[in-house]
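What follows is a pair of complexes built around subunit A, which joins subunit B in one and subunit C in the other.
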Partner chain A sequence: MKGIWWKGLGVLLMLYVIIVGFLMPLRPGITTAFPQNIKSGETSVITASTYNARLETLSASDLRAWLVRDTTYILQAQSVKISGDQSVDVTFDVPENLPVDEEVLDFSLVLDAPEMGSIVLPYSIFIAKKGSDLSSGMTAWTSDSLGKLNKHKGLAIPFRNLLFETLRNTYFHVSLWFSMFILFLISVIYSIKFLRKREPYFDNVASSLVEVGTLFGILGLATGALWAKNTWGTYWTTDVKLNMAAVSMMIYAAYLVLRSSIKDGDKKAIISSSYNIFAFFIIVPLIFVIPRLTDSLHPGNGGNPGFGGEDMDNTMRMVFYPAIIAFTLIGLWMSNLMIRYKKLRNRIDEI
Partner chain B sequence: MKVLSNIWYLILKDFNIELRQRYILASIFLYVISTVFIISKILQTVSPMLWNAIFWILFIFTAVSAMMKSFSQEISQRSLYYYYLTGPIEIIIAKFIYNFFSLLLMGLLIMAAFIVFINNPIENYGIFVLGVILGALGVSVIFTLVSSIASKGGNSATLMSVLSIPLVLPVVLFNLRITGAGIGILGMTTIANDILLLLSIITILVGVSLILFPQIWRT
Partner chain C sequence: MKYKLLLVLAIISMSINTAFAHGDGPDFFRSIGKIYVVVGVMVITFIGITCFLIYIDRKIKKIENEISSHN
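Showing the complex of A and B:
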């Protein structure tokens, strides 16, 4: 029984991550609004498609809607009508003048209802200028107010445009990279231990951890590629972060080539431990420094914010942190099996 | 003082070997010239961006073929002899210095060949040469250790390129930015930051190599 509890913990956490991660619903949101372009001085009906909004449980009188810009210029809807399972017709009586002197201004569409909470489609409606009286535009656009907005009730992860349901990939893609790095770090510690003590067991541990870490890295690339297909529209782009990640995988693949190219066991252990330590010190600037210096599509790099704030809220952390622990524990278990396999293999070779 | 004179004699020894095997120097020279000539014939007009990229690609590949012999040329009996005479730290420092100067010369040779045969987009020679110097420094540090590792493996020529080309990438990316500023395709605003980061990476790598090399040498 000794030493089994953490394997069990890893499996239980993984099950928790898969079940809760996939079953927890997405918060309601607006996917599209049509028409996007309307004219000032006219009454326009905008059809908004919603997602997960459970409109059938709402009555039209609960729903409120606004056009909002910078939270200062607000126009409340004339009427809101539920027109389908997941669509709402919002009628706006747009004033003749705009508050800012531009030909076209963009506004965000906001819907609000009790239980559902308030949902936003940012920068979605464009209003073309008609009159040029700024002061009357100012009074027309500042007389309405948002009032008291509702909060969504129930556990749900954030609704983000473009990401939608793929937001759940955070639990897998990001945690795989985290646990890969943890495995590589432990492996470097064992490589250093080996070079100091010359105990073959330490090299066995280090190489097994690198093998499992490399597998996690490849899985991280694969989940990232699927995510990129769904959000950026392509499996692979020439983005720095992606290329650096691929290069770091190449470095560890070279480690495996190096190991298989040396026959003598003792020499193999010393050389590959040295390479492992050297490689780790190159991986750190590759993955953490260079992508932050140049433009990148990947979140967390080149001026892009990482997942934080509205993207990663407490409901997601409830799954994300256990996911990192689960992947790390399962990775340690896998490398444990590799270590035992290699031990047996050595014993067979000796006979 | 003993350490310094040992390092000096080891550098002299490498230089003498180099002079005795003049065909290696000549072949690297020819390799650079003929490759640059092919590039200029194939591409006809080369934009500054492309110039910069090809410069570093040629630099890496010439460095791989030049550094390959760095450790594999030493016969094992002879390295045993050095081992008795000096310490591994002195050997690796001597190799660093020797490889740095040979790569620097090689980089300047490639630069001259590019200017003569292709075109000359360089606006700020100071910054560009600084980029080449830092490139030679970073690449020589990485290639010295990797060639000592690869010489222990079986098929050292293939192993050398497999091991070193991915490892050298972070250093070369920084150099690409520095020489890019020298050519004028990138601004000067981030250059101090780039140089500082590159120097800190190189310092870490030198430290790691100094710790690791004695272990590798003993095998």
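Showing the complex of A and C:
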């Protein structure tokens, strides 16, 4: 039992992540609204397609809809007709005048019902101005307020347009990168230990952790490429986050090349240990700092993603944190095998 | 050997998209809210870990052979 419990824990957590990560449903959301362009002073029917909303279980009287500019300018729908399980026709009687003096204004479409909660498609409907007198028709824009919106009932992860179900990649792709970082961190600690004590075992540990960490990083790049192909339409773009991740992987690839190019065991250990310490402190700004300084296509960037925002909420953290621990424990298990192999190798070479 | 495995891994992950694209309609990966992208990600991760197992298996085999020939 001793020495094996953490391996079992890693496997159990991984199992939990796969099962709960896949079974927890996505919250409902609006995917598209058509037509996008309507004119003021006309009655327009907007067909909205939803995801996971299960509209047929709702009654039409419960479902409310608005076109929302901001907290003051809100236009309530004249009527709402549920036309399918994932489709709804909303009729708006748009006044002659827009609330702001612009030729075209963008509005967000909001649907709300008990159980389902409120769902929104931001900046989706564009209304072109027809009349010229700003003061007329103002009451239609300001007479209604959103009031109390419903919250979605039941455990579900956030709906994000474009991402949809691939939000679950947070549990796999993102955790791979996090655990890679933890493995590199432990490896740096052992590299410092080696440089202080000159014990070959410490170098074995450090190099094994780097090898597994690099594998995780390469898997991170490969899984990211698959996702990018189906979200951005290309495997690789010149995005700052992607390029910096690739650069950090190349730094560690150089570590592996460096190790295999030095024959003398003692020299190899000393040089690669000091390289490892430098490499780690280079990838910290490459992965964590530079992508946050500029704009990036990658989700969870810009601003300060460390505090969550809309990509991460508490229901996701229930799976995300165990996923990091699971991948780290499995990574440690993999490097443990490597360490034991290297120990045997050293002993055989001594004979 | 390790680099060969990594190369194979890279090729598999790059071709996994096109391999499935012709299977079920033009957009297999983007159907059902792109859930198959998540499945693909797990498959790639599994293949990667398997490659590591094969790699370490070969190394241990080498040691075993050395020990048995030494005796």
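The rule is simple: the second predicted complex is superposed on the first by the 334 of 351 C-alpha atoms of A that agree within 3 Å, B and C clash if a C-alpha of one lies under 4 Å from a C-alpha of the other, contacts with A are read in each partner's own complex, and residues count from 1 in each chain.
Throughout what follows, contacts are C-beta pairs under 8 Å (C-beta built on N, C-alpha and C of every residue); 3 or more make two chains touch, one makes a residue touch a chain.
It should be emphasised that the depicted structure is a prediction, and the values quoted were computed from it without experimental measurement.
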Note to self: By the touch definition at the top of the document, which applies to A:K263: first (subunit B), second (subunit C), both, or neither?
What the structure shows: first
Next item on the list: Return first, second, both or neither, reflecting whether A:Y341 touches subunit B, subunit C, both chains, or no partner chain.
Entry: second
Notebook entry, point to check: Given the touch rule stated above, what does A:L9 touch, subunit B (first), subunit C (second), both, or neither?
Noted result: neither
Next item on the list: Pick one for A:V289: touches subunit B only (first), subunit C only (second), both, or neither.
Entry: first
Note to self: A:L146 in the overlay: touching subunit B, subunit C, both, or neither? Say first, second, both or neither.
What the structure shows: neither
Next item on the list: Quick one: classify A:F164 as touching subunit B (first), subunit C (second), both or neither.
Entry: second
Next item on the list: Considering only touches as defined above, state whether A:A60 meets subunit B (first), subunit C (second), both or neither.
Entry: neither
Check: So, does A:K229 touch the first partner subunit B, the second partner subunit C, both, or neither?
Finding: second
Notebook entry, point to check: Which parts of subunit A are touched by subunit B and by subunit C alike?
Noted result: none
Check: Which residues of subunit C touch subunit A in the complex?
Finding: 6, 9-10, 13-14, 16-17, 29-30, 32-35, 37-38, 40-42, 44-45, 48-49, 51-52, 56, 59-60, 63, 66-67, 70
Margin query: For a test of understanding, state which residues of subunit B touch subunit A in their complex under the given definition.
Written below: 142, 145-146, 149, 152-155, 159, 162-163, 166-167, 169-170, 173-174, 177, 190, 194, 197, 201, 204-205, 208-209, 212, 215-216, 218-219
Note to self: Quick check: in the complex, which residue numbers of subunit A touch subunit B?
What the structure shows: 195, 244, 247-248, 250-251, 254, 257-258, 261-263, 266-267, 270-271, 273-275, 277-279, 281-282, 285-286, 289-290, 293
Checklist line | Residues on subunit A engaged by subunit C in the complex (per definition of touch) | finding: 18, 22, 26, 51, 163-166, 168-169, 172-173, 176, 212, 215-216, 218-219, 222-223, 225-227, 229-231, 235, 330, 334, 337-338, 341, 344-345, 348, 351
